[in-house]
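Which chain is which? They are A, B and C, in the order written, and residues in each are numbered from 1.
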Amino acid sequence: MIRAIDLRTITLLGGLIVLVALIFAWQGNAYGVRMLVEASCLAIVALGLNVQWGYAGLFNAGVMGFIAIAAFTGMLVSFPVNPVFWESEAPGMLLRTGIYLVIGVAATYLISRADRIGVPKKLRTVLTVVAAAITYLTVQNALAPAAELIEEGSSFVGGFGLPVGLGWALGGLVAGVLAWFIGRITLGLRSDYLAIATLGIAEIVKSFLKNADWLTRGTLTVSPLPWPVPTPNEIGFVAARSAYLALTAVLIVAIYILLQRGWASPWGRMMRAIRDNETAAEAVGKDVNRRRLEMFVLGNIIVGVGGAALVTFGGIFDPSGFNPINHTFLVLIMVVLGGSGNNLGTIFGALLVYVIWTMSEPAALILFRYGASWFQQMFDIAPPSDLPTRALQMRVFVIGLTIILVLRFAPRGLLPEKVMKYE
Amino acid sequence: MEDVGLLAAMPINEIVFFINKVVIAGLIIGSVYALAAVGMTLVSGILRFANFAHGDIMTLGAFVAFVLTMLMPGLGAMVGLPTAFVVMPLAMVVTAAVTIFLDKRFYAPLRTVGYKPITLVIASFGVMLMLQGVIRLFFGTAPRQMYVTAKDIYRVPFGGRDIIVTEPQLLLIVFTIVSVVALHLFLTRSRTGKAMRAMSDNADLARISGISTGHVVRTTWIIAGSLAAAAGTLLAMDVSLKPDLSFNLLLPIVAAMIVGGVGQPYGAISGGLLVGFTETLSVFNWAILLRPLKPHLPEWLEIPANLAFVPTEYKLVVPFFILVAVLIWRPHGIFKGRVL
Amino acid sequence: MSILSMRDIHAGYGGANILNGVSIDIEAHEIGVIIGPNGAGKSTTLKALFGLLTVSEGSVTFDGADITNDNPETLVRRGLSFVPQEFNVFPTLSVRENLEMGAYVRRDDFRPLIEKIFEYFPPLRDKHRQPAGELSGGQRQMVAIGRALMMEPKLLLLDEPTAGLSPRYMGEILERVIAINESGVGILMVEQNARQALAIAHKGFVLAGGRNSFTGTGQALLDNPEVAESFLGGGAH
């Protein structure tokens, strides 16, 4: 299926290429490639979000959490093995904690089914809650000394030293599993509930990763993360980053092709039907919530892969570094501005927004310096000393304003979804 | 001194500790959540969307109060109350005006025919980010103190120990009670209050009955904005003014709203208290209460040093679990509200 | 002079029109009944009249003034009240509060009027403090009509007031409708139970495919063999 690419698309893409070329000329190749790699990783994340928001109409406000959990999984899988940890008593203690957990969960589950053998329902509920509480406290108290031992002796558990690619794949998978749980609970309800649930889980994932020092080193951060391609130390900045870019570009193309084909298939048609007219789709016997769950999980798998790639590129796993502005709302803007429901538009939006975002930092600073000195001349008020950090807060405001302006004036984005016809 | 025998048998230390750490702390944070959740539930009931900017409207209100306090620090001493509390009504008015402005500029244009409700939710995220940006632009990110002078502390002796309540806590409790009663009277007695309930019940029928929906919407924002400002100010007076509470406030407020049933003001109040108490109960170290039992327990049963359900750093988990539990078992909330 | 006159109304929801030229004339103090098959545009006619959807062609005159596409608030003030078919009470408000909401735009003392409505619908008096959502279907319908009467309208629009009611309540509601009309309020209602409705109607309008198909007095329509054949399910008596 070949569709003519219209003039609007060509103009917008051409303009973007010129913009990127200018930045290369201004800031140098190493900077330019770094920006492109980061943008490409975020483009993968945006493609995942587009599956959810653009195709299924599901609003995921917790992209950050899924990025974080996937990045953590990627780190755990690929980081070199920590021999100090494995030679200590800690693995045994963790194993014991794990066994407690399994027994506890199994017991709680069985008790929750006890009404089938004639236990009154109220009693069953009480017993289930008690069993869950005992399990929780037992596991918590078994874990505490193990965590303490690990933190004292070997700082953290280390990784498994497996290939980075496997880490990304598993990261996507873990993000998908988390999405499945959230989706099961909220997809039957209106999108507001999905929004708050994903927002909550994202903050919880972050605070878990930040505080579980034995597992993630917490605020001490883990670095350097192994790369799937030769590192700058081996072959230099531009070459290493270009190699990384090649890898992410291949990923984008692969995901793009898969999504486009899926979208043109009967499955994709059904998804569009559900998004555009839920009642009608339900009336002809489609299991709307199940289909939505599929989309939500699929989207988060892609988000996870992109997120793991993004954090790997940064080279450092820092749980405090995840924040909703950079990792949730920036991605949302990419999808909405680019054109929700259109994969090409999403990729375009990701690049454009990221370029503007990175360039806005120096721009905002220049603007603020200028404004402050003017203010000082006019009113003789000294500018606050933390002007640079405050100037950055302005970007938060601009992101918020952009969301609203796009919703109001270009709700379909710069490259809107084409209404496809199928004969 | 007859009652000494009884008192001595009771673990007074532990009970007072429990009252201070759980009962009072829970009441305080629960009241803050309740005040905020009432406004959010009214807006959700009438405009049919969850306004995620509500947490930041609280922060905004607190900052308005902060600025007013800095402008006239001596005001409080004249009436014998903290300055921040004296200027709070003004901060409530300003915040209410801001919420009406936000609605007019950003939400109302999206409420016309043809937009999905989720569009409004996303717009509320946009408003949230804008508020955050403005607050941090002007005030930075460091916490600030709302008190110009030292806080008064009241000690209520109880069996040789003191139950401790600070002045802002007392003011918060009194303010919450007064505003809940006032809100109740407003909703059940006044024409506009009844119209608000009517519109929350059935917006189309309200329109058909000739109820001026614009007037009702404005009133709703005024109530929501001013109560949020009060909640934010009182919270900031009790602890400190933090610009980055945002999600940490939003999640418990939404949990309180959903527990109480969306659109149900009384539900939101109970929900707020429920979430507040659950939070303090979860982070409370129960081992302290069990300690007096130690001499009576068999040797092999050792009380672990830490019996808190949730470590303090994971406090956010509590409202989340309440939220999830309610969504699974009672999506209408325990007070039979509506599902958005 | 007719109190309401709709001339050649075209209206619909965005896309295709549902009404393609409906004309209705009612004298003050008359009962008018609109009947017709499903999808004929009966309810849509009332909604277009009440400003709930946009009239694209034609004009509506009420009590001497052009009210085409006026909003409901204005219409209520002019003396037009509407009782929708479904969701026509405020379920968590008490019966009395429901009635008060009907008088929202009034600034005078309307308590005597509430008394009058309790006289029309005695069951409501005992339950005036109960939430309307807890009442039976027939009683809810009484609340809904009572709410609409609180503005002392000149013309009352009723959308299938007997839908889903037991025969006992159906008769009672229609009886009340006659009583309300006799007190001087004009009625325009849509009905599925065409026979009973035409029997009490001064004027009947048969709609089909978004147009007037027959117009006449209630009795004339009941006697018309063609109407009886196509719209009343079986021959005339």
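What to note about this one:
Definition applied: a contact is a pair of C-beta atoms (placed from the backbone, for glycine too) under 8 Å apart; a residue touches a chain by one contact, two chains touch by 3 or more.
Please read all numbers here as calculations on a predicted model, not as lab measurements.
The chain occupying the central position, as judged from C-alpha centroids, is B. Seen from the Cα centre of chain B, the chain whose own Cα centre is farthest off is C.
Between chain A and chain C the centroid-to-centroid distance comes to 55 Å (mean Cα coordinates, whole Å). Between the CA-based centres of chain B and chain C the separation comes to 46 Å, rounded to the whole angstrom. If you average the Cα atoms of chain A and of chain B, the two centres end up 30 Å apart.
Against chain C, in their complex, chain B makes its touches with residues 191, 194-195, 197-198, 201-202, 204-212.
Considering their complex, residues 50, 52, 72-73, 76-77, 82, 84, 87-93, 97, 100-102, 104-105, 147, 151 of chain C touch chain B. Listed in rising order, the residues of chain A touching chain B in the complex are 57, 59, 61, 133, 136-137, 140-141, 144, 185-186, 189-193, 195-197, 199-201, 203-204, 207-208, 210-211, 324-325, 329, 332, 336, 384, 386, 389-390, 393-404, 407-408, 411.
Note for the complex: chain B touches chain A at residues 49-50, 52, 106, 109-110, 115-119, 121-123, 125-134, 136-137, 140-141, 247-248, 250-251, 254, 258, 304, 306-307, 309, 311, 313-314, 316-317, 319-320, 323-324, 327-328, 331, 339-340.
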